[in-house]
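The structure's right below; bear with me while I get my questions together.
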Amino acid sequence: MVNIVVAGVGTIGKRVAEAVNKQDDMNLYGVADVSQTGGLRTVLSEDGPLHGTDLYASNQDGKENLEDQGFYVAGLLEDQLDEVDLVVDCTPPGIDEKNKENMYEPNDVKAVFQGGAPEDIAPVAFNADANYEDAKGKDFVKVVSCNTTSLSRTMSAVDEAFGVEEAVANLVRRGGDIPQDGRGPINSTIPVTDVPSHHGPDVQAVMPNLDIKTLAVKVPVTYGHVHMVNAELEENASEEEVKQAFRDQPRVNLEKAGEGYDSTSKLHEKMRDLHTPRSDMPEATIWEETITVEENTLYWIHMVHQEAIVVPDNVDAIRAMFEIEGKEESIRKTDEALGLR
Amino acid sequence: MVNIVVAGVGTIGKRVAEAVNKQDDMNLYGVADVSQTGGLRTVLSEDGPLHGTDLYASNQDGKENLEDQGFYVAGLLEDQLDEVDLVVDCTPPGIDEKNKENMYEPNDVKAVFQGGAPEDIAPVAFNADANYEDAKGKDFVKVVSCNTTSLSRTMSAVDEAFGVEEAVANLVRRGGDIPQDGRGPINSTIPVTDVPSHHGPDVQAVMPNLDIKTLAVKVPVTYGHVHMVNAELEENASEEEVKQAFRDQPRVNLEKAGEGYDSTSKLHEKMRDLHTPRSDMPEATIWEETITVEENTLYWIHMVHQEAIVVPDNVDAIRAMFEIEGKEESIRKTDEALGLR
Amino acid sequence: MVNIVVAGVGTIGKRVAEAVNKQDDMNLYGVADVSQTGGLRTVLSEDGPLHGTDLYASNQDGKENLEDQGFYVAGLLEDQLDEVDLVVDCTPPGIDEKNKENMYEPNDVKAVFQGGAPEDIAPVAFNADANYEDAKGKDFVKVVSCNTTSLSRTMSAVDEAFGVEEAVANLVRRGGDIPQDGRGPINSTIPVTDVPSHHGPDVQAVMPNLDIKTLAVKVPVTYGHVHMVNAELEENASEEEVKQAFRDQPRVNLEKAGEGYDSTSKLHEKMRDLHTPRSDMPEATIWEETITVEENTLYWIHMVHQEAIVVPDNVDAIRAMFEIEGKEESIRKTDEALGLR
Amino acid sequence: MVNIVVAGVGTIGKRVAEAVNKQDDMNLYGVADVSQTGGLRTVLSEDGPLHGTDLYASNQDGKENLEDQGFYVAGLLEDQLDEVDLVVDCTPPGIDEKNKENMYEPNDVKAVFQGGAPEDIAPVAFNADANYEDAKGKDFVKVVSCNTTSLSRTMSAVDEAFGVEEAVANLVRRGGDIPQDGRGPINSTIPVTDVPSHHGPDVQAVMPNLDIKTLAVKVPVTYGHVHMVNAELEENASEEEVKQAFRDQPRVNLEKAGEGYDSTSKLHEKMRDLHTPRSDMPEATIWEETITVEENTLYWIHMVHQEAIVVPDNVDAIRAMFEIEGKEESIRKTDEALGLR
């Protein structure tokens, strides 16, 4: 079995490490970091989901830091690279590039990078549903961001079924994740003034032929982005046909606002009531009532749980890079292990 | 001079009353309400901007309420209608209709209604810039809502200059006004699940030939809606030409995010720093950097101060209904009296 | 085994129902409600934690409501009362009183009420640690509110160990629960102007000899109240002795801010990282660094997860009322079944 | 007349500069800064309240910065110090100390520092009401922070009238000011884990004999801290006597929650409705209903507008340092010029 290390045990890293740990065809060799966070401490604690996992330091300073903060450090990540087949790099932007140059390339270790990494860090911008095949055998793959992932999943469902002539997607982004209490805004809406926003080209890295235009703002919420979408269809489609196309798409859910799920916090509550780990929602979730077709215009509004949505794609990227399974089987295995519907 | 009463001294009512009071060609005869709010108490207090204005009760129960709460009530509104030429009705939805039927129609009093009123309450949906002429001589006019006003002002500027083939505007609405501390959401984004949202048809009530599609969500902020807009132009336009068209439009401002005004709260602060009354911003304000043209697509993002934007249009509606002035002169007089740029 | 029904499947009700369901010495006979919420729908759904539990309607209108909304209703609660030994009544204030009068008393069914119920609804205001014995054999018991529960747990630990001469506790309350997106405030702090606040007397209902004074405000957060506490001790105590007294107290946790848990949202994240159901934290959690003794004054700051903290006490109340177990054994069984530390 | 420069045109600096500008016995010689903010740009703009005021650069880099950003810079602050009698230093912590050492001391220029400066930067911690005399003739004075100012004003009123044996004040602080959209928290309450908090000793710097204990948390609001206060009185006092003592105290207001002012945002709205500049509230405002006496315990809850409360004290500090007026006359002149009640 391939040995996987997750470097950077933050919002994404801790989730990917646990997801890798739940698969039966890959081995979580360890995690790596350079300093304490509450998250790192909790997941490794006696009651934590990664208790017993080896913790490596990403560098010598990090080793001292972590030891000062009371962690047992099994060694330097660098010294383990002979044993490691792939690193899922969830470190902050800037660090990922240096890691590639200083650790992964010299040691012939594959790596999966995240959405914040520069575009040219890997030859493939990856979304499991849209372009699984492109990652086959690659050494470096970048899993696209949460926003891009949700747009890729939903747009590819519509595009395959009916053709998308052009699309407009406007994004309402969360200010920070739940524990990021140092981030704002409080009581302010902040526009992204680079117009159109980078999210359109990001989707095009995955779906090169899609004509999509995006704008974005940031608002004072912690759980979930919301996208408002218009798509001009090439073929006629009924609302029911569109809903079916979404239902057939992996990792896309429809929820009825009218059944008591009419906001991001009520969808959050649904995940809590289902006892999903961390109340996570890895699926892109569309409010079913918003799916509307008028002439050739298709509208919908969906929610993106920014902390969780890319986790299954990270697992699939690993399978693709080692050619362990084909697309459908990988998605099936990942989803089953993660308890997705 | 025409005698004006403002009924319903809430968010809009108190501002319109003060705005009428500042004009030299109309007389604020009084205000009317049925119960205390902090706002009513403050504006009538010794240091308040409407100190000395007569307060009438909109009905007998309201008279007792107000007197119990320590207000001096000059009488019932109904008993004054012989003297009154027009009521600006800023009462809650439902009350406005009854007022029209029971008070304004029987007493031959003109009335201006607000955006929350039903569409058929008046023959004209009014925006000063877009259709001033339509209100001339009318007995009943509805000033459109804050969102519609901002879209009408900006869209009509673009449409007149370059033609708008079709437009998409997605709205990020505030949860409540500053003093409305009972309104949510806290930490949630709430989609409007009627899709497309009513804002498109609302704009079409003012600009019947505009092809515009809208979606909307609500977020936890109190000062300002934000609209993300795409418009397909009929004619070529440079970004500079578009900016000029906006600069030429009354009650539309451009502000540079890069000059320190890159969020709704920083624009709020600008109004505070300028000492505008209540830190209000009656202009629709576009972040200049967001004005972008790519082929025929024009993008921009603007902010709407929901409490203030319709105030000047209410004053202009009065002038139009009594044919006191033509459009340009009315706008000029209103803006000068209100200190708009 | 005693048959338990939970009436009112809201924030508290759904949690209590699941907690009862996890005990091996009581039987969840069913739940009862009158209309849809997202929570009710989710917990009864195929993947939900109460799937298969019988749903009763609390009245005839409720039956029609629920059926219209697509629920299968097993019947009226009233018709089941022969089989039911106790109802945990989590209905809104006002309903609980009517239920007692119309259903529980005439049918000789015991009932547990919640913190929002009137003081005189039951002869005992209950907190498992502070006065388990008082509930023995009683027909009606009121489990005190989340704020009172946390103060009773922490104060009784200190009072038993060192004696509390007098205490001041000032409360910073959350505006609404996570899914309550209609509740405010946004960007406002709202004082409770009844001074001192009712929380002091509420604690005294459980600990009659405690001299405690409280004030309270409400702020824009959804997960957790925070209490700032000063207590004048009768006996000398070192900080370490105080910490030990808290560690020895059931359902009270110490967490170190310095270990990455320095806010309510970081404690929330800890619960998420531990995969506790709903990311709940039924323990009162004290930030360890805030425990400070200066002369006879003891200070601390603790957090209360308002949705979850009373759940174990509801279970213990049932055991006490039927005299199934003594205090220590009941607390032990409850905590083990719920996975508390 | 004394020549005053305000260095650091942020939240406090811009307000102090305008306040100095409104006095007839001191001259605003200029303002100084090192880089753009929206606030600096607005107040100096054509419609701004400081239009025409000379802008100096605090250092050479700052000069280039400001000129690059389109400002006209009249020169370096350092080169003006021959003409300047006093600098009100509102620069960030750390800068103030260097300014004192490198500019004010070598050039024999007096300086007023703000609450964030280190304790030993000046021999006097100043609050106009509590210790005006102590600043007479001094070269360096530190005006205490917003929280300390409000506690000094209210506590000294009570202490002088009835004697305060001991007091507990627990603080609920705002996360950031209105334009500080980069500051959190969103949906989190953050305790100050240094216990007791520094606010107690800060008040004691002004009122050395006061026994006061404080705790503090931070919450997601932008306009106003709230303090919950208990004071044990030495002498009996009726609630009416306490209210009168507060009414007699300069810069302390009572407002009735029951008259429509029952939250920080409703008090904010009152300031907006009164058209106070920036909707500022320089007075400490007590919710009148919260003033409660039970035996010897006095309770109250007050609000602090953190942006504005220290502004009048800065003006008074200048008068005291040059012995221009005595305490009562200075307070009277300042308040009249600022339009305080």
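Going by the order they are written in, the chains are A, B, C and D; count residues from 1 in each one.
What we mean here is this: a residue touches a chain if its C-beta (ideal position, glycine included) is under 8 Å from a C-beta of that chain, and two chains touch if they have at least 3 such contacts.
This one's a predicted model, so the numbers in the text were calculated from it and none came from an experiment.
Participant: Does C-D or A-D have the larger number of C-beta pairs in contact?
Facilitator: Between the chain pairs C-D and A-D, C-D carries more contacts.
Participant: Using C-alpha centroids, which chain lies at the maximum separation from subunit C?
Facilitator: The most distant chain relative to subunit C turns out to be B.
Participant: Report the inter-chain centroid distance for subunit A and subunit C in whole angstrom, where each centroid is the mean of the CA atoms.
Facilitator: So the centroids are 36 Å from each other.
Participant: Taking each chain's centre as its mean C-alpha position, how far apart are subunit C and subunit D in Å?
Facilitator: That pair's centroid distance is 42 Å.
Participant: Report the inter-centroid distance (CA atoms only) between subunit A and subunit D in whole Å.
Facilitator: The mean C-alpha positions of subunit A and subunit D differ by 46 Å.
Participant: Residues touching two or more other chains, restricted to subunit D: which are they?
Facilitator: Only 178, 180-181, 185-188, 190, 220-222, 263, 265-266 qualify.
Participant: Which residues of subunit C touch subunit D in the complex?
Facilitator: 168, 170, 172, 185, 187-191, 193-196, 213, 215-217, 219-224, 226, 228-230, 257-258, 262-266, 287, 289-292, 294, 297, 299-301, 303
Participant: How about subunit B: which of its residues touch subunit D in the complex?
Facilitator: So the residues of subunit B touching subunit D come out as 14, 36-43, 45, 47-49, 69-70, 178-181, 186-187, 222, 259-261, 263, 265-266, 268-270, 272-275, 277-279, 341.
Participant: With touch defined as at the start, can you tell me which subunit C residues reach subunit B in the complex?
Facilitator: Per the touch definition, subunit C meets subunit B at residues 175-176, 178, 180-188, 190, 220-222.
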